[in-house]
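Worksheet: one structure, shown below.
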Amino acid sequence: MKQERMSAFIKEGRSMLLAYDQGLEHGPSTDFNDKNIDPSFVMELAVKGGFDGVTFQKGVAERFYTGGVPLLVKVNGKSALVKGDPVSRQVCSVEYAVSLGAKAVGYTIYLGSAFEHEMLAEFGKIQEEAHERGIAAIAWVYPRGAAVKDDTSRETVAYAARAALELGADAAKIKYTGDRDSFAWAVKSGGGMKVFMSGGPKAATDQAFLLQVKGAMDAGATGLAVGRNAWQNAEPLAMANSLRKVIFENMSVESALAR
Amino acid sequence: MKQERMSAFIKEGRSMLLAYDQGLEHGPSTDFNDKNIDPSFVMELAVKGGFDGVTFQKGVAERFYTGGVPLLVKVNGKSALVKGDPVSRQVCSVEYAVSLGAKAVGYTIYLGSAFEHEMLAEFGKIQEEAHERGIAAIAWVYPRGAAVKDDTSRETVAYAARAALELGADAAKIKYTGDRDSFAWAVKSGGGMKVFMSGGPKAATDQAFLLQVKGAMDAGATGLAVGRNAWQNAEPLAMANSLRKVIFENMSVESALAR
Amino acid sequence: MKQERMSAFIKEGRSMLLAYDQGLEHGPSTDFNDKNIDPSFVMELAVKGGFDGVTFQKGVAERFYTGGVPLLVKVNGKSALVKGDPVSRQVCSVEYAVSLGAKAVGYTIYLGSAFEHEMLAEFGKIQEEAHERGIAAIAWVYPRGAAVKDDTSRETVAYAARAALELGADAAKIKYTGDRDSFAWAVKSGGGMKVFMSGGPKAATDQAFLLQVKGAMDAGATGLAVGRNAWQNAEPLAMANSLRKVIFENMSVESALAR
Amino acid sequence: MKQERMSAFIKEGRSMLLAYDQGLEHGPSTDFNDKNIDPSFVMELAVKGGFDGVTFQKGVAERFYTGGVPLLVKVNGKSALVKGDPVSRQVCSVEYAVSLGAKAVGYTIYLGSAFEHEMLAEFGKIQEEAHERGIAAIAWVYPRGAAVKDDTSRETVAYAARAALELGADAAKIKYTGDRDSFAWAVKSGGGMKVFMSGGPKAATDQAFLLQVKGAMDAGATGLAVGRNAWQNAEPLAMANSLRKVIFENMSVESALAR
Amino acid sequence: MKQERMSAFIKEGRSMLLAYDQGLEHGPSTDFNDKNIDPSFVMELAVKGGFDGVTFQKGVAERFYTGGVPLLVKVNGKSALVKGDPVSRQVCSVEYAVSLGAKAVGYTIYLGSAFEHEMLAEFGKIQEEAHERGIAAIAWVYPRGAAVKDDTSRETVAYAARAALELGADAAKIKYTGDRDSFAWAVKSGGGMKVFMSGGPKAATDQAFLLQVKGAMDAGATGLAVGRNAWQNAEPLAMANSLRKVIFENMSVESALAR
């Protein structure tokens, strides 16, 4: 068994990460309001909400990361403006991420894109450099592109998890399939690698989102990497609290919502 | 808070930069007349006009930069002849820029271009090398390409500012949205990073241009990076004077124009 | 005659390798069931089944390789999602493979693909680095792409073997042509280089598969690299046993099946 | 003012260079006859004709350059066979050019080509390496490609000169516009950088060519880089003599032709 | 005159090389029979036939080169399966070729291909590295691609020879034009560089082939690089003998055939 590079982000085998790279990936006007557009707001939430890690692009990390929570630096990125099969290239070196205090680097692979090979090759190098420097390499694996029909199907999500495992990722961030059983197949495909459910767009209700998270945890996920469902929530700290109960205490959604 | 690499260009939090890379970007016949085609004319204007920085491509810097104003070297560029989604590649190393006396490097990212990923990746490296050498990396972020509908909309300009922040730029140069409120959103998207309004093509009247600048400053911009509206002006020193009043003294456009 | 880098994988000139990189190449839902999705199951099979080598991608090797059988690390890979002419790029450095204990690296070349030149060039470098580090470089040569009509024809398979020889591979893994005589031409094209028959998808019956293997061995193959026909088999150890009899003892298929 | 790297090629501010890279650019059958196909013939002409420099590709320089005239090595090139937007890539390192005795390297940029960015980026590196090694970098700037309507218009030629200046070239070689006034605009766009008129295809008469050269010199050009109009001339030494009179002595074309 | 790097391959100014890279370039089933598919057969022919050099890809050289004849390693290659404009990329480093005992490296440039620029740039680097290591760089120049109408015309073959000269090749291998006079133009275009006629596909009769070789030698060629017309011949040693008479003794074809 290899050295556990994810340990900084894990408590008793579980983890709740806060993600905040949407400014580049989606644009501020799509996801942000007057409050959460401020990275300080999110940094504070990461600490006060008891998250086990926070994800920033290097520019936000450099200006707003204040410690108190382990840092995960996203090292590739793209805008949402470009159409067609997606390609996201490295914009931050592992060395630079480490200099900012990162305990892990994150990299998005659009599996199934016509440019998949460029991202696989780039992640291959980043993973090795991360390990050389003693930090974790986490793969966001999002099947996308003309060849991908349904990016949350049982088969597709399991493929994402497996690709991360085969490529040597220390953890994978993948989409939720919609139900526990199919997500369990993805977790199993990960072969023991840490699997994080990707929070995705804001769910209709808190309950709806917590049910997803509950399903993922019951399926064997290590935890959740949540962004919009936390910092777009009117009461993000309460939401963080509920999430913690579901993730770490195996609490039912109903109990977790009872504040 | 990270080290302030922009300090050379900033006076009491504000700044007025002179830009002169249009010879490559637009061609001399589009923008220049018999006077301003001469880089000495612009270099002199930078000093006499009290600008806080001057932007040249390396060739112009090497021949015409005489000091007296901090130097910003533009390190990528393209001609206006090529059609289709734009791509602008590095033509000057950070090391070379530093050897010319640069206190900052500038790089244009055409966000939304089909070649966006090449520029994001290249800027990622340049930003890190600039910081290693102790100078600032400024991102000109201009959304452009078939996928970009309106490059001065509130959403698009805010996206430009945010991309610069996320990518670790020390400052962004972005287009004006047309009004203070929408530009304030872009400034806010920048998360405290210095935001410069890009001067753009010569406005119909001095007043019209000053009103834009006033709007940008009121919206929280750090300042202006102006080219054509300065050196195409029949009285560039007077224009510089008026701009200074708007930028540094919060003066109304009317008062600033009263010479 | 050059140094025999394949010796770790060879017994008396013959070899039986276990392949398990289908998780990335085909996706877990295509090839795996609840048992064989677990790399431990395959690692155990490699040892108990008396295989002469086991092939993993780096991520699986890092987590599941426990020794007892020489390791072969596959250093390029792609998903099955992307359509069009295939390209598979390096995702693991030779150095990293060696650090995992690899005695050989494997690389797939899609001969005839419009991207063939990228893979030929990349394999050229990997082969040299492998030799520098004293391990073998094995070429999986699979003619594929719009220009390839029949990838198991006598001509095409012989081309695959010859390409591997010319490019300096220590061994080639190629598809079976369907009969001994035509496969003998491929082996002959290999000029004495070790030639492994690629197991391919699960055959209809054990007998059918063993007949293929028998044909390949009679044609002069060094051995077999088998994946699905081993670990998808209901009785993989029995299958391994039968294969060993065919490969190493020249036994007839009928005798080999008599358990 | 930067160090004058062109001084080896300049006499009292003027210069007459002999160009001979047409063997690669156009093919021998297009431009050469039994005499001028021999590089020795051109090398001898360079010396006897009193030229201030001679331009060869590295292969010709290596075999035929005998000194007596400063050497300029062309470091990129392409054949005339390929159609579509042109791209010409580096085929000789600056280091190799220096080892051959070069006092300058030349590089062609097809401004306006869809591959312009590749050439701009490559020239950017070559220019810096040349300066590091203390030799000049000369840009042949030829606007060409589907987007370029008229490559000898006032606007286009001025753009070529300006691009060379901005990119840090020590000199530019550009086409003649057809008249003095428009060429003066190109020279002015060059901002004091040495501007050489490109000789182009053989003119109808000696007089016609000399009139072009006279126009360029009167417009402020530093001189001429001539190939076909010299070595395709029936009396190349006489032509060289006439050219020298026009270039260095401000002689009228009529007087210069009176031999 | 530059150092003669070709001397190992030359006897009294002439040379007869054996080429055997068709296994990769054409595939074994196209060119080979049961005898000549074996590289040992060709290696033996090289020695016994009195050839002045033998050309292998690195894999064949590594396994079959036994000395007795200088080695030329082909360092790029492609399969015949891919359609469209050809591109052939480096698959063997110069360093590796030298380690195999090569006295020269060979590289194919498909002049006129849409990918010509990639091969020109790559050859440019290989040529310099070869010279640094003291061995020769030989250019196989084969005009090919949609833009090339007739690859054996006087103009096209001369262009091939000239390109090799300009690019610094120590020798060129080019196709025969069909007659002495037109081939003499190609030789002349080579400016004294060694020019080898490429043997090409098996000629209808020995006489027909010898007449081509005689024509090339009379045109000033240094010699011949022959493959199929030697090792596909029923009596390869006799053919080698005849070829030697034509190449080294200026013998008529009739006399050379009289065995």
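Per-chain numbering from 1; labels A, B, C, D and E assigned in written order.
Assume a residue touches a chain if its C-beta (ideal position, glycine included) is under 8 Å from a C-beta of that chain, and two chains touch if they have at least 3 such contacts.
Computed from a predicted model, the values in this text were never measured in an experiment.
**Q** Fewest touch steps from chain B to chain C?
**A** Each step joins two touching chains, and the minimum needed here is 2.
**Q** Among all the other chains, which ones are in touch with both chain D and chain E?
**A** none
**Q** If you fit chain C onto chain D using the CA atoms, what's the rotation angle, as a multiple of 5 degrees?
**A** Value: 145 degrees, nearest 5.
**Q** Taking shared residue numbers divided by all residue numbers at the interface, is the value for chain A and chain C over half (same) or under half (different)?
**A** Mostly different residues.
**Q** Measure off the straight-line distance from the CA centroid of chain C to the CA centroid of chain E, and report it in whole Å.
**A** Inter-chain centre distance comes to 35 Å.
**Q** Per the centroid of Cα atoms for each chain, what is the distance between chain A and chain E, given in Å?
**A** Computed from C-alpha means, the inter-chain centre distance equals 57 Å.
**Q** Touching at least two other chains at once: which residues of chain B meet that condition?
**A** none
**Q** Based on the touch definition given at the start, go ahead and assign the chain network to line, ring, star, complete or other.
**A** Shape of the chain contacts: a ring, since each chain touches exactly two and the loop closes.
**Q** Report the order of chains around the ring; begin at chain B and proceed in the direction of chain D.
**A** Traced from chain B through chain D, the chains around the ring are B, D, E, C, A.
**Q** Chain C touches which residues of chain E in the complex?
**A** My answer: residues 21, 23-24, 27-30, 32, 34, 37-39, 57-60, 62-64, 77-79, 81-84, 87-93, 96.
**Q** Given the complex with chain A, which residues does chain B contribute to the contact?
**A** 1-2, 111-114, 116-118, 120-121, 123-125, 128, 143, 145, 147-148, 154-155, 158-159, 161-169, 185, 188-189, 191-193
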